[in-house]
Amino acid sequence: MAEKDEKSLFEAPPMAEQERMVEAILFATAEPVTVRELEARMPHGSDPAEAIVHLRKRYEGRGINVVKVDDAWAIRTAPDLGFLMQKETVEVRKLSRAAIETLAIVAYHQPVTRAEIEEIRGVSVSRGTIDQLIELEWIRFGRRKMTPGRPVTFVVTQEFLDHFGLESARDLPGLKELRAAGLLDNRPPPGAMLAASEDDETEDEDQSELF
Amino acid sequence: MAEKDEKSLFEAPPMAEQERMVEAILFATAEPVTVRELEARMPHGSDPAEAIVHLRKRYEGRGINVVKVDDAWAIRTAPDLGFLMQKETVEVRKLSRAAIETLAIVAYHQPVTRAEIEEIRGVSVSRGTIDQLIELEWIRFGRRKMTPGRPVTFVVTQEFLDHFGLESARDLPGLKELRAAGLLDNRPPPGAMLAASEDDETEDEDQSELF
Amino acid sequence: MAEEFQEDLLSVTDRLAAEALIVDVGAFEGPLDLLLTLSRTQKVDLRQISILALARQYLAFVEKAKQLRLELAADYLVMAAWLAFLKSRLLLPPDPLAEGPSGEELAAHLAFQLERLQAMREVAAKLMARDQLGRDFFACGITEDVTRVRRVTYTATLLDLMQGYARIRTRDDFRPFVMDRDAVMTMEQALDRMRGLIGYAGEWTDISSYMPDGWTADPGRRRSATAATFAASLELAKEGHIDIRQSDTFAPIQIRKRT
């Protein structure tokens, strides 16, 4: 008797019930929720990954959809209905051309150092551009590069993916074509020897202090 | 001809489409929405009242329901799933300046003793500040230092790294990089530029070491 | 003969194009941006662009700016010097004994840089044209209304953390705002100094000999003084006071008074 009780205590709820739970949690959370978080919040033994598969199907073609963001899930309105939502639209701060290009370079070349961003744009990254993108939570610091000086790198965030409706950074528009064309290669200028690249590093680091 | 065009221009979308629209509006709007408001936002000739009837039926028994609030409509999580929402109701407060500074010192100098934190901050660290950071699971006790008295040290935790989106504490930007990103406005004292940049280098390499 | 004729033809159209560009030189984000705009006038795929023609166009632009007595930032002049060098490398038959990368290699890299910048601009536009959260699609409007458990937690952002650390580590440095010019030589300072000295420079002299005393020992000061002296030399050359030459990449830069 006691054994049976204990068993039922740990038995996972039926899949239909799990689906309801996932639906409620995703609805109530503005940020995307990972499967691991779902697991932690649902009764023991639940399989949120499978529940999501069902739920996603259920919302196909509806006014709101279940979308994947990185390794997490969220409910978002269907993009074709945006015109109904004028009232809800929050005015997004206009980004400068420099900020937009810097953001794109981080997204497509990540992890990327400040010096690499400057090399691609051909101008120095102004103070505040990086700051603004960090504040928007669209980029963050990544691993340090294993090159002389061990410079910090930048990568894009889950918020960035969520904002632009991307499942992962692999879904960036035109990424495959750019890679195929070799435009994402880190191609050093001809004749740049190891010594020269080391020089470059220090130069780039100190630039803001010199001028 | 013109009349016919005009008519088709104002023809209401099919009911299934109207249902999608109501679904998206109710989902994205913070306040409950009245039928009159829905009417104003949807294409001319729409019948939101009927769409709501369909929508309400569709969500019967689901994890989220269409509910009536006064004379308006809203989507809410099913009442029986409230137990899943407990996590959403945490009140979030900004960490105090003393706590942030203490946390920053631990992150940049770990493992670090309490005396060392006080030396860097220039003021004594209150017991409560350390306790708070430990309770948040952002810092924990590290190894004892091999110095007289064998004082305990503090280090940051995996939770800390997760919260701040860092892969390791070594990825934290150094002073020079903070300055380059425009996060640090004052310049180094005269003549200290070179010495400082050399310092930074060692700091980056030996972040764990106190200087 | 034919080559010469064509060069003249090119430079006429180049000059016209340059004149149009000069009107809004402020709109360019530096030499690479300008080069990319210039390359569009060739109306070909960026992969088939003629770097030689582009170098001519750019030099025509700088020439025109000079004639109009327009102030061009130093990096535009540095790029002009580099392109002039590249042009000569591309026109001369390759010297098998010459060290360093060939003109073709340098040109190919510049073409790559232009193509890459162009590609980044295109994808940036594509990115911003995507449906965006809070503009085209939306998250749930309410934050959950269930209030059963209230737990207070504290939060901070990475920015708070870094600013906090920066605050402590620089507290000792803090004082009323003054410009620290101790280890930094401005172009104006170098210009003042060189104007006084240039009268004596009848013969070709290495510009390193114009470096002020006390600025050569410390690497930081030497670097700043070198940059300032070089920029000042370009300025003096632009004003027509001096001639400037360099025999090869990384060879000493020499100047003399223009007579």
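General observations
Chains: A, B and C, in written order; residue numbering restarts at 1 for each.
Operating definition for what follows: a contact is a pair of C-beta atoms (placed from the backbone, for glycine too) under 8 Å apart; a residue touches a chain by one contact, two chains touch by 3 or more.
All of these numbers come straight from a predicted model, not from anything done at the bench.
The touch graph of the protein chains shown is complete. Using the average of C-alpha coordinates as each chain's centre, B ends up farthest from chain C. Relative to the whole-protein C-alpha centroid, the nearest chain centroid is that of A.
Per-chain CA centroids place chain A at a distance of 32 Å from chain C.
Remark: chain B and chain C have CA centroids separated by 39 Å (rounded to whole angstrom). Inter-chain spacing, taken between the CA centroids of chain A and chain B, is 14 Å.
Those residues of chain C in touch with two or more other chains are numbered 138-141, 143-144, 146, 158-159, 220.
Residue positions 27-29, 75, 77-78, 81, 85, 88, 134, 140-141, 206 of chain A are each in touch with at least two other chains. Chain contact summary for the complex, chain B toward chain A: residues 19-25, 27-29, 41-42, 61-64, 75, 77-78, 81, 84-85, 87-88, 165-168, 170-173, 176-177, 179-183, 187, 193, 197, 201, 204-205. Against chain B, in their complex, chain C makes its touches with residues 138-171, 173-175, 180, 182-183, 218-220. The touching residues of chain C, counted against chain A in their complex, run 29-33, 100-102, 105-106, 108-109, 112-113, 115-117, 119-124, 126-128, 130-141, 143-144, 146, 158-159, 184, 220, 223-224, 227.
Touching chain C in their complex are the following residues of chain A: 27-30, 74-79, 81-82, 85, 88-90, 92, 95, 97-98, 100-101, 103-105, 107-108, 120-123, 134-135, 140-141, 162-166, 172-175, 178, 181, 183, 187, 189-191, 206, 210-211.
Residues 19-25, 27-29, 41-42, 61-64, 75, 77-78, 81, 84-85, 87-88, 114, 127-128, 130-131, 134, 140-144, 149-152, 157, 205-206, 208-209 of chain A are the ones that touch chain B when the two sit in their complex.
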